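First subunit A sits with subunit B, and in the next complex the same chain sits with subunit C.
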Partner chain A sequence: MRQHPGTANRVWLAILGLVCLAAGIWALLLASGTLGPAEDPVLSGPPEAVTGPDYAPVAALAAGLLLGLLGLWWILAQIPRSLTAGPFRLQEDAARGITVCDPSVLAAAVQHETEHIPGVVGATALLRGSADEPDLTVKVTVNARADIRAVVDQIQGTVAPHLASALETPLHSLGIQIEASNKPGLAGSTVSSTGTVVY
Partner chain B sequence: MSAPGIEETRPPGPRRSRTEVGERGATVLSRKVLEKIAGQVVKDETFAGGSSGGFLGIGARGDLSARPRTEVELAGNVASLKVQVGLPYPVPLRQAADALRGRMSDRITELTGVEVRQVDVTVSWLMPDRSDDGRRRLQ
Partner chain C sequence: MNGGPPVALRPRPSRAVPAVICGLVLLAVGVLLVWAAVARLTQGQWPAFFTAVSTWLSTLSWNSAGSWTAGIILAAAGLVLLLAALVPGGFRALTLHMDPTREVTGESQAVMSRRAAARLAAATCEHIDGVSSASATASDREIRVTVNTPLRDTADLQHWVTDGVRSRLQASGLDPLPAVSVFIRSGS
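Our next item is the complex of A and B:
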């Protein structure tokens, strides 16, 4: 249900690897004397000469800031995020009008139905994909009294078909994640009595 | 040829022309009136609903007996509507939107004479069937 920055990590690690490889090759060539005599000092002259012209410190500062911002972005990208879909456009007839439904609206209905299954103490639903190929992921928290097989059966046999009938298309995929908790059930605080009162 | 004692009635005269009707005045409908008529049609004649409660739109909850929010865009005698509705769940949303669109178009044209060309439907909430929640309801 969470999106991790796997692609960004691979790209940036590949870039850093190439930079380190280039630096290593350059150091190797320098040490072997291919690029020039090894007797010369790396830094020669006064410190002012090392920084070069006047704009060099400013450029170094800007480059440092840029690298810092990139590093910050990379760290923030590590925070897992929920990958949600855009609004489902159910009908796009320009002559008669369009019909739009946000996936969170459908997910809330799915969540409500799931929470009313006996033994379920909490549920989170996430709908992705498109209106024609919806992907549903349900995270269900059950307590010790739950029959997990029955919970799964009811999600597969009732909750998912209801969503499919609302969208008028079969679900492309259904994922169910089950967690255990010791909390009491949320639903069922009242019950309708059918008993007879005898005076 | 008429019976005695009964005065012969004068044959009905020709109907007044449209020009005369126009001279007597004109009926103008505000856009707001159309919006309220559209909302009322949805509330009374369809299974869709709106939102009720809350303050300045904050804390409002879905209510199938409330009038939904509608927006009307007029171009002469032709109207385009946008409506934010809530629907019972589970219902086929496309079919429900088509039924809503057809009903709104027919009734608004019938009531006001304005031709409805497009109805954009936004489903803003869904109300699952709560027949098993243990609460009694007035029928």
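Our next item is the complex of A and C:
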């Protein structure tokens, strides 16, 4: 249901991997004497010699800020985002009046209707996009003994059309995510029974 | 206008663990550099940890054991990071068949998590005569069911469980249907 930074992670891991691999190979080539005298010290002078004593602290500060901010951004980017839609604007002509609908109200209605399907243990609905092109994603937890096909068909054949009818526009996309649980369904579909059969 | 859900329902692993580790390393290096630079700007000299590293590096020659070790560790870390980025990893969910409808102009997509598929398979087994308990694990291509039974002759049970799980998954609409492997543990 939520967006994870998969692509950004892959790109940055690849960049960092290439940098580390190149640095490692460069160090190994220097250590083997291929790129220069292997007896030379790793650091031939003080670190300030690279930029000069006046600029070294500024360069270290800039590099530190850059690396620190990159690290912080990368860690914060791992928080999954729901990308929920903003308020739906339903009016055709703003001069005649404005009609705004909170997508969470519609999502709650979808959730409520989904939870009444036999076998459903719980449901979460999320609306993205706009009032003209709404994207509906429903996460449904069903009882492990329930008829999964019937649940999916009912969401697609009843719940989604009801939302489309309320918004007076077809949905742009529909996503259904099924989870299974051993808990009984809210509306009930399976009955567990115990007892003794006497012959 | 065609298009799928804005957020993928069937993503590959996001590599959050290596990303967080690298982010923490970058943050730590950044904090140390800023600390050293601020100390140099305010007190006129680099902090002890910073000069200790540069002193140690100036005493180290390229062909020393330390340099070889650092080179090997760097190259290995780079390789691991590259593999983490390039190896795609398995899908976390299995797709369910869905027909297009009038009410959805773009793509309709339904998925079932691997855990849900495993739970479904295990629940199916528990209704088959001769099964005392069952557990299952699922990948995006295969469901492995382990069944405990008090029966001595398990050939028929193996057949029933495989057929039962396969037909349940098929009836649920999984497309493509994952392979079903059944392992029977006889109590006798």
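The rule is short, and it goes like this: the second predicted complex is superposed on the first by the 126 of 199 C-alpha atoms of A that agree within 3 Å, B and C clash if a C-alpha of one lies under 4 Å from a C-alpha of the other, contacts with A are read in each partner's own complex, and residues count from 1 in each chain.
Rule of thumb we're sticking to: contacts are C-beta pairs under 8 Å (C-beta built on N, C-alpha and C of every residue); 3 or more make two chains touch, one makes a residue touch a chain.
Remember, it's a predicted structure, so these values are computed and weren't measured experimentally.
> On subunit A, which partner's contacts cover more residues, subunit B's or subunit C's?
Higher number of touched subunit A residues: C.
> A:G97 contacts which: subunit B (first), subunit C (second), both, neither?
The answer is first: A:G97 touches subunit B but not subunit C.
> Is A:A109 touching the first partner subunit B, the second partner subunit C, both, or neither of them?
first
> Can you pull the subunit A residues that subunit B and subunit C both touch?
none
> Under the definition above, what is the set of subunit B residues touching subunit A in their complex?
Touching subunit A from subunit B are residues 80-81, 89-95, 97-98, 101, 117-128, 132-136.
> Using the touch rule from the top, collect the residues of subunit C that touch subunit A in their complex.
1, 3-7, 9, 11-16, 18-20, 22-38, 40-41, 50, 54, 57-64, 67-68, 70-86, 93, 96, 98, 101-113, 115-117, 119-120, 122-123, 127, 171-173
> Would you tell me which residues of subunit A are touching subunit B in their complex?
90-91, 94-102, 105-106, 108-109, 112-113, 116, 162-163, 165-168, 187-192
> Enumerate the contact residues on subunit A facing subunit C in the complex.
Counting only subunit A, the residues touching subunit C are 1-6, 9-14, 16-28, 30-33, 36-47, 56-58, 60-61, 63-75, 77-78, 83, 128-129, 133, 135, 137, 142, 144-145, 147-149, 152, 156-157, 160-161, 164, 170-182.
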